[in-house]
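The structure under discussion appears below in the form of structure tokens.
For clarity, chains are labelled A, B, C and D in written order, and residue numbers in each chain start from 1.
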Amino acid sequence: MAMKSWMYSVLEAVQHEMREDPAMTWIFELTPPVASNPGKPVINLETEFGRKRVVNTGIDENWMASAVLGAGLAGSRSATYIPYQGSCMPFQVIQNVAAKLRHKTGGRAEMPVVWIIEMTGQTPGFAQQHSCYEEDSYYMHIPGVRTVIPSTPFDAKGLMHAALRSRDPVVYLYPAGLRTLTEEVPDDPFEVPLDKAAVRREGGDLTIVSSGAGMPGVLEAAETLAAEGIAADVIDLRALTEMDTETIVNSVSKTKRLLTVDQSYYTLCPGAEVIARSVENVEGVKVKRVAFPDAPPPASPEMFLWMRPGPENVAEAARALV
Amino acid sequence: MAMKSWMYSVLEAVQHEMREDPAMTWIFELTPPVASNPGKPVINLETEFGRKRVVNTGIDENWMASAVLGAGLAGSRSATYIPYQGSCMPFQVIQNVAAKLRHKTGGRAEMPVVWIIEMTGQTPGFAQQHSCYEEDSYYMHIPGVRTVIPSTPFDAKGLMHAALRSRDPVVYLYPAGLRTLTEEVPDDPFEVPLDKAAVRREGGDLTIVSSGAGMPGVLEAAETLAAEGIAADVIDLRALTEMDTETIVNSVSKTKRLLTVDQSYYTLCPGAEVIARSVENVEGVKVKRVAFPDAPPPASPEMFLWMRPGPENVAEAARALV
Amino acid sequence: MDYDATIPQREPDDVPESRSRRGFLKLAALTGAAVSVGRQAGALSEVPFAARELSNEKLIEMYRTILRIRWHERTQADQMLENPDYRGYNHFYAGQEAVATGVCAALRNTGARDQVDLAYSSHRPSGHAIAKGVDIPKMVAEMDFRSTGMNGGYGAEMHIADPDVGFAGADGMIGPAPVIASGSAFAMRARGSDQVAVVFAGDGNYAAPHFHSTMNNAALLDLPLIYVMENNLYHQYAHYSLSCPHVDIAEAASVYGVHARTVDGQDVVQVYNAAKEAVDRARAGEGPSFIEAKTYRYYNHWGAPGAKAGELGAFGYDPLAITHFRPEKELRAWMQRDPVDIARKILVDWGVVDTARAREIEEEVKAEIAEAFEWGLAQPLCTPEDGLKNVFVEGTVPPRQFG
Amino acid sequence: MDYDATIPQREPDDVPESRSRRGFLKLAALTGAAVSVGRQAGALSEVPFAARELSNEKLIEMYRTILRIRWHERTQADQMLENPDYRGYNHFYAGQEAVATGVCAALRNTGARDQVDLAYSSHRPSGHAIAKGVDIPKMVAEMDFRSTGMNGGYGAEMHIADPDVGFAGADGMIGPAPVIASGSAFAMRARGSDQVAVVFAGDGNYAAPHFHSTMNNAALLDLPLIYVMENNLYHQYAHYSLSCPHVDIAEAASVYGVHARTVDGQDVVQVYNAAKEAVDRARAGEGPSFIEAKTYRYYNHWGAPGAKAGELGAFGYDPLAITHFRPEKELRAWMQRDPVDIARKILVDWGVVDTARAREIEEEVKAEIAEAFEWGLAQPLCTPEDGLKNVFVEGTVPPRQFG
């Protein structure tokens, strides 16, 4: 156990699995699979496992995503790290090939593969193509791949172990803005389940549901609200597909107040699904939805920071709801 | 005015616009841009306008979609017909380039382009990659392109005129299963607005919202229900982005009962957004959602036809709601 | 052979006059009917004649495989044409049998997952599947959506797969399969296995952007990938010159440094020779190969329109009066060089069997296929609720059609 | 030039031993520092020397353009290093100035939408933008997110565009721009215009699947497309030999039948000659061209790390100790062939200006750029609510961050 950075926690999991399984491969593009952490040995997958197993080639995210799928079908566990700029380049092969492969073969295809897909949304000034945070919804609508999105270094490691060990293909969304988080993370391997939401706070006045990069702002807002006497259940989805409806419905049945918070565009943001499932199952729920407007993120920090949902927006919407 | 097939209605619109504008181009792949209709001259865009303006090259839907975008940016109106097999091949360039281009240039990019994207979902036996009906949600989450989905030959023609004349880029989803529909369609050009839902039936007991290939089954169910004394408002979304919230909210405020019907996968189907917007705006709404399960469509007709929402499913869910 | 007629008609001032296109037209006009002969001679002289080492048993088995594919296609076409209860369909492979057979004869088709060679197929999979060794009755059942089919009735024609014999499976999309196959080859190389990954793809795949990814990465990483391009001249209604500036698509591959061959796809021995060379290279760590097999399909793109029950091939079907449609004379010219005939003649010529025995084998195969259809079409239909299974390894997803 | 050092170190048994890769290594070792000289001589002898027809005014204007780019970069780098209030950033183009300048000098940079030639740019756009003739003060304002900037502060560096001068704009993605540019060329050809579409793309674009789509369709349709590949040897930290089996990427283009040239990207005259040839061909309906300009960037991939205010270039920055990082000696060797120096020497040598006048021009340009920054950084900031505009042509979208 030690304080660990996000990236170190993730690569620790990958390193462990690659040591256990000499057939496992890793394909990268921009980010060399290297991480260091105070008081810990440097992890460098490329030098430790060699360029036959750990490789970068050209800027071709579709090849990267397809190649790990092919590796899986050949019986080798495999993962790739797709940088956010290329986050939708492999969309078609995941949506239309990988996601349908087990079903179409009547269960005979094996796909022990993980696509780590970076998401951004954090850096003001990077604009439309480099500040967007929208992929959650695209990948969430796909059945047949498990789509998860960690929001803490602990979960990042535990979900990585679970994803690499899963026989289901996993889209592992990685909110790059959370890279600077650190927390206590065990050295030994452990799993966080791929289909369970986390209740981050228990309140009773309202339910706030968010995920990934939305979580820090939500937790900050919940703190503020608590100080004002408003106690919120805070749910971190973690699993987008399959979504943990039970945890949401349990909370909403109790609070009858639901606030969803997303950095993704409003229309069909994950919160839309959370709301729909809640009101399908619970009557008389009051709802509100905080999300990025249906506009690409602009470059100007003045525009961008005003549009991106922050803790104050969350707190304000919560106040209006209770 | 004459009874016209779907494809004839669409190509009539395209032919008219191409005659008006000698710079306009059309890129096709499988389906030669040819249509005939009893008592009407055959339309053949390729022979009428020549292969400099009407072209097919290889099986490369990303090129097709990107090429019309480039044509638009060069000042030429342009459209392409993407067959359903390639429906998500051009996803990235639409989502991450075209949709962001007007915003990122501060309004200076002009994109008078239309991507006609075929959707299937109708033919039992075609299985996962050829019976799916899922693209509505992927394209609907994208801001900056107008995504529309006609459900009748009349709308198909009117929306095509509107799309081709729009300065906004348009994703025009084409439910291929509706190809066999015919109805009275005017010979002269006319427009159906790109952002207005259609109220197909007025009832008052409940609101049923659907779109595209879902519509025929919904209308059939509404008929059945009417015979039983249950009167439904039936709304055809037509515009997925930007969605016509007003029409939905007006109806739901009145009925307080909302049933959404989609052929798309349940999680984040368009109905999730309809439900979320409804309950954000109207209190005390009872909701139900009919959709394709979160599984790829299987080949076996027994499995597929059971899973695909049909008129009986719609009627049954409506009965349970009122 | 009415070769020129295969080139789509165009208005002179409407024709893109690229240099390579002009080259294509000229070359095609010059060589005409001799194209495949010229290629054949080339292949004979260039590629080591590995087939000389094939045992008589193996040669007979290859002949049987060709016949199994042929009679599977013909029987299924007859079903489609005559049996109103039959619901299956196919993108028929008849005419191309020697390609799948020659290639798969050079592969390891049994063994554990780290032993068996993998073959990726396309939307036209039945020939590849049979050559790779799948259970034909189960495939027949699958294609008619039966619950005891090879894939439980979930996939049917365009999605059949049988990992047990290394048949990675059909794929209904043009583009992705070769890239995915290169990933299998990458994994094989990474784990130090001598397996190879083969992908069968049509000429339509050349224009897909995936072609570049596949070739480039296979070359850069020296992958044990064998790309078998079955150039049957058409994708649907379009002649390949509309989408490819090369006469031999193999040229496009060799530019990446990929070992490339063009072979007569109607002659199983030539296909085998090229495949054996490619497999030996790949197992020895010498990297990827590309084999362009010139071939032709006897039926139309999909299903049996234009065909008559009991007759081979489909003639004169062109409902949309598509200008680019393949001419009937071209089809008839190709049928003169039928892969079944060619294989039979070789076996007789080499003294492996006599004509009578060859005919006998054909009758045996016909009976085997008839039985396969009998068994397959007698299998139980699927249970509706099973559609909710096999989304993930475990569990079922909830029904959602009821609201 | 320490050329070998640019090739990533690898363990012998870990190296993919593709034939082309070996060829690459051998050729690079053989030619060493002489690479660009050899190419230069080749280009001089092959490409018509169109520059002989350039007027003195035009030559001086080209020199000014190079200087404008150079001083824009240096001034902005200094801002980033020294002005804590400066928020802009750049992927600096310094070192590559001759490419954008030589190409755009051969284009039509004004006129209506059916007259002006279009240039598509990349994530490294400032040089292309200036050469195409955008308003520099407005670009400076845009890069610092000002509401009166070229794009209203919506886009900033990686998204600048100015359709008025045919600058179709930057694009932060690797891959799509060349394909889109080919669509512009398609439209130009379809409407019978003699316009051309140019796309600037880095060596990183070679491996993207889009490369194939662009080349193939440009060739098949004979499009008036000019693909200018600025091969500055690296994409981020990776030498291009990791992603490309060719020494000259132009080889990859010529295979499609696209007219291809390799030029010394440091010499504006050679770039111009190749560009003029390509433009003339395109306008005459002779189809696409590919120009590979061998060049180098003086700063690191992004921003100014490793740079010192007031000094040109960035040295010795490699925080992640990346094995594939470019060696400092390589950078210094390239700086010996600086595009500004080369352009100045040519002008003096041809008697267009004397050294004193050349220096004077440089001072004028420096002053012009300084003014541009003064104006740009004094512009008003954006209004938050404006972020909801320009999603569609008309209207604003609703705010949704408030719930």
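Heads up, the rule we're going with is that contacts are C-beta pairs under 8 Å (C-beta built on N, C-alpha and C of every residue); 3 or more make two chains touch, one makes a residue touch a chain.
Quantities reported herein were computed from a predicted structural model and do not represent experimental measurements.
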Other chains in touch with both chain A and chain B: C, D
Least hop count linking chain A to chain C through chains in contact: 1
Most remote chain, CA-based centroid, reference being chain A: C
Distance between chain centroids, defined by C-alpha means - chain B, chain C (Å): 36
Distance between the centres, which are taken as Cα means, of chain D and chain B, whole angstrom: 41
Distance from the mean Cα position of chain D to that of chain C, given in whole angstrom: 44
Multi-chain contact sites of chain D, meaning residues that touch two or more partners: 16, 153-155, 159, 171, 173, 207, 209-210, 213, 216, 220-221, 242-244, 391, 397
Per-residue overlap in chain B, given as positions that touch at least 2 other chains: 52, 57-58, 60, 62-63, 89, 92, 96-97, 100, 103-104, 127-129, 143-144, 242, 288-289, 293-296, 298-299
Arrangement of touching chains [line / ring / star / complete / other]: complete
Chain B-touching residues of chain C, taken from the complex the two chains share: 10-11, 14-15, 87, 89, 145, 147, 153-156, 158-159, 171-175, 204-209, 235-238, 242-244, 320, 322-323, 381-388, 391, 397-403
Chain A - residues contacting chain B, complex: 88-89, 91-92, 95-97, 99-100, 103-104, 127-129, 132, 134, 137-138, 140-144, 241-243, 264-265, 267-273, 275-276, 279-280, 283-289, 293-296, 298-299
Contact footprint of chain C on chain B as seen in their complex: 30, 32, 34, 46, 50-52, 56-60, 62-63, 85-86, 89, 125-130, 259, 266, 288-310, 313-314, 316-317, 320-321
In the complex with chain B, residue positions of chain D that touch it: 113-114, 118, 149-155, 159, 161-163, 168-169, 171, 173, 176, 179-192, 195, 197, 209-210, 213-214, 216-217, 220-221, 389-393, 397
Contact set on chain D toward chain C in their complex: 16-21, 23, 207, 209-213, 216, 219-222, 242-245, 251-252, 255-257, 285, 287
